[in-house]
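Taking it in order: structure first as structure tokens, then the write-up.
Naming follows writing order (A, B, C, D and E), and every chain is counted from residue 1.
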Amino acid sequence: MTAEHEQAPQSTRQPLLELKKVTKHFGGLAAVQDVDLAIYPQEIVSIIGPNGAGKTTVFNLITGIYLATSGEIIFEGQPLKKASPHQVVQRGLARTFQNIRLFNNMTVLENVLVGEHLRLKASILDAVFRPPWVKQEEEEARRRAIELLSFFGQHLVDRQDEYVINLSYADRRRVEIARALASEPKLLLLDEPTAGMNEAETMEAVHYIRRLRDELHLTILLIEHKLMVTMGISDRIAVLDYGRKIAEGLPDEIRRDERVITAYLGKAATADRQTWQVALRPQPEGEANNHHE
Amino acid sequence: MLVPSQILPQTGETRRLLLKWVIAFLVPVLVFTLVWSGEAILNAALLAIFFPGSFSIAAIAAGLFMLLFYGIITGLTGYLVAADSGRQSLLDLWISMFFFTVVPILLIYITANLFVGLAASVVVWAFYYYGRRLVRRFRPPAPLPPLPSLKVLDAEMRATLLTRARLGSFWFALSFSLIWLLVDLLFYFTGQYGQASLVFLVWILLRSVLLPVAGWLLGSLGGLVAIRHAVPANGNGSNGDRAGAPVSTRRLRLLSATRAREEARDLVPNDLPLRSTGARNFYLLLLLALLVFYPMIDPFLFGPGTDSRLDNYGNAGYYVILALGLNIVVGFAGLLDLGYVAFFVIGAYTWAMVGSPQLTVLTGIHINPDIWPWLFWPMLIVAALIAALWGVLLGAPTLRLRGDYLAIVTLGFGEIIPIVVQNLDKYTNGTNGLTGIYSPAFFGVHWNVSTSEPYYYLILVLIAIVLLANLRLRDSRIGRAWIAMREDEIAAAASGINLTRTKLLAFAAGAFFSGIAGAYYAAKLSTVTSGNFSFSDSVIYLAMVVLGGLGSIPGVVVGALAVYAVNVLVLPQLDALGNDPSSIIYPIYTHILQVIPNFSFSNIRNLIFGIILVVLMIFRPEGLIPSTRRRHELHHTEAEGVEITSLDTPPGAPGFESEMRVE
Amino acid sequence: MNEVMLQLEHVDTFYGPIQVLHDINLEVRRGEIVCLLGANAAGKTTTMKTIFGLVRPRRGRIIFDGQRIDNRPASDIVRLGLALVPEARRIFPRMTVLENLQMGAYTRTNKAEIEQDLDHVCQIFPRIKERLKQIAGTLSGGEQQMLAMARALMSRPRMMCMDEPSMGLSPLLVETVFETIVRIRSEGVTIFLVEQNASMALSLADRGYVLQTGKIVLSDTAANLLENDLVRQAYLGGS
Amino acid sequence: AGTTTGTSTSTTQGSTIIKVATDFPVSGADAGIGKSTENGAHLAVDEANANHVIPGYTLQFDPQDDVGASGVHDPTKGANNMKALVGDALVAGVVGPLNSNVAQAEMPIANQAPLAMISPANTNPCLTKEGADVGCTGANDLVPKLRPTGKVTYFRVAATDDHQGPAMADYLYNTLHLRTAYVIDDTETYGAGLAKYFVQEWTKLGGTVVDGKSHSVKSTTSYLNLLTAAAASKPDVIYFGGNYSTGGQLIQQQMMTIPSLKNAVFAGGDGLTGSSDFYKQIVDSGGKAYMTVAAPDVSKIPAAQQFIKDYTAKYGDVGPYSAAAYDAMNILIQAIKTALTKTHTPKDSSDAAQAQVFRQAVIDALKTITYNGITGKISFDQNGDTTNKIFTVYQVANVNGQPDLEAKEVVTVQ
Amino acid sequence: MTLFLQLLVEGLVIGSIYSLVALGYTMVYGIIELINFAHGDIFMMGTLVSLFMVTNVFHLTDVSKMSLGGMLVMLVVTCLASIVICALLGVLIERIAYRPLRNAPRLAPLISAIGVSLALEDIAKAIIGPNPVAAPYLVPLVHYSIGSVDITNTDIIVLVVALVLMVGLQWLVTSTRIGRAMRAVAQDREAAALMGVNVDRVIAITFLIGAGIAGAGGFVFLLSTNNTVFNIGFELGLFAFTAAVLGGIGNLVGAMLGGLVIGLIRALVTYIPDRDLPFGLPHGGVAWQDAVVFAILILILVFRPTGLLGQQLAEKV
């Protein structure tokens, strides 16, 4: 929505991630069918669609957890081919999960440190002999992890030694994002990052997602059901239904799209509820306003 | 950095606190002194110096140990007085003192074996913990004083603290020396010391003066350590080390109650001073002194038979290494390995084939028997490497397997290896095994099958190395990857962890240590036989790890020692004990014999062991010393499982092809 | 006023040493929709678990339909006519949808009635009907949520507790779920609802309670709560 | 304050307790033969103490059990026992072990100490002998490994398998006129060796050995597959080199379920003897079984009658090696007595230096000893082997209404 | 050829016994994900109970002297006794050693299972001693010759019993209410409780049935092999467990199949000639049979990571 984004004609720039006719079958079920999607640097793109439309499956395909039945996924001009999950991370993609998948018996800090795994160099022998550079590397890693946590405010930094299972749901979501950020991704995939949050918490989440883009210059691909999120922060929205992409466009276009209304939005879209107002209302803080001119 | 403001108020209360600590320490020390004449050993060492005729290195070393022992205890007293803010109630203190010092000393004394006594204490501890948990469930411990009342220690407070520490150990040493003095004088003048000279009399008098002074000094030392743990130099002197990191009240308040308590325990030794980092250092020092001097003091403590006891400890040692290795695979990486014995076999046979005349039989190479034993050192590494290689070879086919499918493959591997070793008898001598395996050689050490001391020190060093490696691995990038993988493979992969590599590394590392244990075993026993390695051994190793506490390094060490002591030392000897009229079980044994004429403990040894396993698991399902992680896990048993959270879920129903790719 | 269906009196619940619920008092009357609001980790799910005996309260009484249930096992409580749609759905992932529904009717024996209810449920959730033979674990999140509700209905409960039934559902489905809730109520089932989606929940509930770090801090009619400043600020994300 | 202070009163006088040890498999499956052998030695010690054979000293019986986790004799357990015995300075000598593979693990340890071992029942020749004539070459050339110091410290009163195997072969071939043998062994030192010597002799006599060699199988719970394969060649005899506990009992039992093996003879060495359960099983199943023992049948020896009486009174039935163990222990006691005339005993169990001297004296005494035992006149040759080599061939049958061994033939080797 | 067929029969028979034990393993595993190491020993107890019944209760010496009716009574009563006692034993073990560990870390019950297994073996050893004990024939042995292959009536009984039990169990688990409850408990204990399932009872029933089958297995084993030994359960249990995994753990048909496959491999391995590598193996196949079984197992699992019939449910991420 920023001027910059609107000016840049997307067709001329190279997309960061491109899906070409991606299809995934589970047995007889076509969970994803011929989906084309292009995401450009520093965009926030949302994927929405009814439950079971195949959104999460698209994420799983991108991140190498599933292999596409057909089609091609291209990242920075290079096909991802059969990259396994950790290779995908190495290429610069990181994700969160719909059902939070943290390492429950590890502390907040350790969770983030695991995310830094690829950035660290110490081999098993280095770990045993622990030469000075390894010590330094570890310290550096810790410092960075804390820095990442501080992205969500001092609050998480203070709780760095807490086992994640003791955190509130919202905090766990944050830790999961911090863990994803730790691998220094170029593209961040968030699967329903506000699920299970109440409206106040959701608002806050919207803020930091936007900050991720603005401050860390990340590109973000987002799955979300809450309209106050998708409509509020997306540059573009793609709509899936029964595995097919049925619409793509700016939030406002999507909101008015007949097919999307019948398949997904239901009366809510037309009812124009209060939540909408909330979502679209400009942010009170000055900082937030900056991104809204 | 934080000590309650009400620390050591200048009242009668303070004196009572001081007394509490002094008496608490006096008890175990007195038990030790009186039960074992620890002081007599000291005197003997002194006499050994003054009377050249009776000069004996062992006596002097033993005396040195005793000095260290009492010194450390005195220092510890000072430390604890400084660290304690009076939060620990007298009863709590006494109960823990009783269970953690008096009980082990008495048990060791009764069983006349350090090891068995400690193992028995471990069992007692398990019950103690269980009982305490029960009690606390019904009568939750009184809440700690509110944390916000903690404040930063200032110079004045430091001074008070230090004085108290000094006073504490001074009183301790004084009361102690007075008791010694009285007893010694009594013995001296009643002639119990025979023709002990005047020098001796001078020594005991001198000692009575020196001790309180030493107490004063050591107390200051302990106090300083305590304060250093409590207060960094400038109030926020952080060096990245958590123990020294500053902690803010705010932060403590933010933490959940349990976590805050853990935090406070590490950082502020006044919460549970007996378990603070500082106290732990003292214990470690004590343990180290004990381990190093042990062969010298053993004859003084338990009388003749040192060699065979050391031999036992040497055997226990390789179990510790095995358990530590298995812990990497099962505890850290979460890969259930039921065939761990295979790597042990590989390690053992590597040295057995190279370090015995079998090499000559097979290859015709004749190696000078003077040089041969030296080969042990490089072969120790080679054996470990070969085992690690096999670890990778075994790991490779199992990569796509999960949970119990993995377990069965490892089990199979554990079965195959001994069979192969047995059937390739052209090379390995089959069931009859290889004998005449060389002992290692080391400068000036007399080393053969009938000596135990060198093996004792060798295993100490090996354990130290393996322990260090384990600790470092655990706290490294690799260790984190293992644990992450255990927790959630998919999330781990999505965090950039190469599952293939990480799993193979776990197998290799585990096997590596097992290989070391194997080579040591072969050299120590001088014999290996293929029939001696079976599934049951793998199971025993697993029991050691689980019983001790999965993933917990100290737990695993204790587990290995406990299982070894119970299963290998105590149970097989019950019959001998039962037949010995001086043993405690003699009356029981004779009684049973009257009812069941053919009764023999050896026939129900597994029954007893089995029952112990079941009972211990029921009492401490998370292990004797659970890792902080696992301890945690247990308290969150009703974790909010979402969908299929466990990767080990059995694919029972007809369904779908495997989709998650793990190459 | 209708008679009280469910009543919690002075309930304290602990996880190990940690106290999660402090002196909870609440009641649900026959035919009502009562909703329980609260931030994350306030203890809403714990309240549900306590009612169903999945965690035991250390203190206090829970009474359902005149009977004390705080020391009975979950299976007994369910037999009394209480059903739970658990948080995160908790369907049986390796059973078919149909089998899941049959499990819902586990406590019942009358085959004909079960058949009838099956039809009824399929009517409410047409999507379920399409998928009766599918393995439930492979349903999408929303489908699973519907299944969980359908499964709970299969026990013909007199009262149904729902823990965040709208979590992760598309807007259309959220509508459906809430419509269903109203519909179930109209069929005579009392409903106790935990929701994050406070505005929606309050708009259809009769009464509500607000839970904050394990304590009930407010209880009022839904309409009043919607207007309450504290609620608006804390849960509705705005002034 | 305590007692260790003051002048040390070290006297030159050693301990008045002397430990004599045994090492046998006395629990688990081997208990049948192991316990009866241990009892023989125990009886000797009790009698020696009662008769004050060594005045001023008390002999302390120190029995060890070499049964390991597997439930049968275990070389590793044996090696551990031997280390413990070697570490106890008061132990003057060991009677045992029973099994050759255990001996193999124990001998190098005892040899380095040095500590005398006298086995009543080890029959594998390679424990003491080298050379092609007894089949102890290549991998079977054990002596250099078992005797690292090059000196003899191990003695035995049992004759060896290079005669035991042939003894049975001769009996089966010449007396029973059997011709085809299927040979199985349990892969152990003893079993595999015995089978090998049997095969050699059997072929030499002109008999047929199926597949020309012994089939090595480590003990399992089912030999059905093997026996099914064996049945295909319709053997007259199944010869098993091994112990009843390492397969013998199961093979005999499972053999009886296969129609074409029902009438075959089951035969083997001393490893099969000693278990009354097994005898009963054989008689009950109606099978024919023959076994050799590397010791004389003492029930026929007049000198042994007193022993049999005492033994039976105390422990019940005499086992195949009870008498041999009795003799072995008496020989050891004799040697200790001789040694005491040369040097003194160690001070206590830590006095390693004196232990070495004393034990060596015992060994030296053993080398030249001649003892008139209940099993005959025993002395040791330069390898430590007995000069009294006698075998007995038994059949399992009802003896006095009880399933037991019935002596068929006595073979004396010169 | 004859030998081959004969071995095939042999393999099928021993394989069915593995299957019988494997069924119980798989069933218990399916419900509480516990490798019940004591299962093999319960089976062993079944053989002991049967042995005790025939020798001490029926005083059987020679079955051919018995009347047909008497024999049938003896067989039925013995089998029932074995089933009932083992079933009770199973429930008792569950109550004592596993139930207190229901919420414990996963490996804790495994270790207590090992403890139970050790204890049971020693108890058995105290009863029958350390050596194998022969049992009298429970039915008059009838040999049938098909071509040159010899099959006995007991072989047929074993096969039939295994098959019948498998079919019965399969039916129980997939098509009955209690079976459904079992599966529900297996998948989500808490949710099952919320459906009104008494979880403890269902688990107890699972053990009851599993152990009962082991009891039946013990009886059949005694009937076909006429001997038992205190540690028979250990080795058989090991192979049965292997069979369960090979077939796809949790899958009853798989357990049956796995058992048969292992039995067959073990039998046919006899064919490997006694030669040094690579065309044979030193000492021939029999000496290697366990190694071959496990090697094949590993190979199979490499290509089918969830066993022959086990199918992995893809994890929904």
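The rule we apply is simple: a residue touches a chain if its C-beta (ideal position, glycine included) is under 8 Å from a C-beta of that chain, and two chains touch if they have at least 3 such contacts.
Nothing here was measured: the structure is a model prediction, and the numbers come from that model.
Shared contact partners of chain A and chain E, listed by label: B, C. Chain centroids computed from C-alpha atoms place B closest to the centre of all protein C-alpha atoms shown. Set against one another, B-E and D-E show the most C-beta pairs in contact at B-E. Each chain gets one centre point, the mean of its Cα atoms, and the points for chain C and chain D are 77 Å apart.
Computed from the mean C-alpha positions, the centre of chain A lies at a distance of 30 Å from the centre of chain C.
Inter-chain centre distance (chain A to chain B, centres taken as mean C-alpha positions): 46 Å.
Under the contact definition stated at the top, the residues of chain B that touch 2 or more other chains are 256, 419, 422-423, 425-426, 490, 603, 630, 633, 636, 638, 641-644, 649, 651-653, 655-657, 659-660.
Multi-chain contact residues of chain A (touching two or more other chains): 26, 56, 65, 97-99. Counting partner chains per residue, chain D shows two or more touched chains at residues 27-28, 187, 216, 218. Against chain C, the residues of chain E that register as touching in their complex are 177, 180-181, 183-184, 187-188, 190-199, 313-314, 316. Those residues of chain C that touch chain A in the shared complex are 37, 39-41, 88, 138-143, 145, 164, 167-176, 196-199, 233-238.
Residue ranges on chain E touching chain D, taken from their complex, read 2-3, 6-7, 10-11, 14, 129-134, 141, 143, 150, 225-227, 229, 231-232, 235-236, 266-267, 269-270, 274, 283-284, 286-287, 289-290.
Looking at the complex, you find that chain E touches chain B at residues 29-30, 33, 35, 96-97, 100-101, 103-112, 114-123, 125-126, 183, 186-188, 190, 238, 241-242, 245-246, 248-251, 276, 281-283, 287-288, 290-291, 293-295, 297-298, 301-302, 305-307, 310-317. Within the complex formed with chain E, the residues of chain B that make contact are 330, 336, 397-398, 400-402, 404-405, 407-409, 411-413, 415-416, 419-420, 422-426, 490, 535, 539, 542-543, 546-547, 550, 603-607, 609-614, 617-618, 621-622, 630, 633-634, 637-638, 641, 643-644, 647-660.
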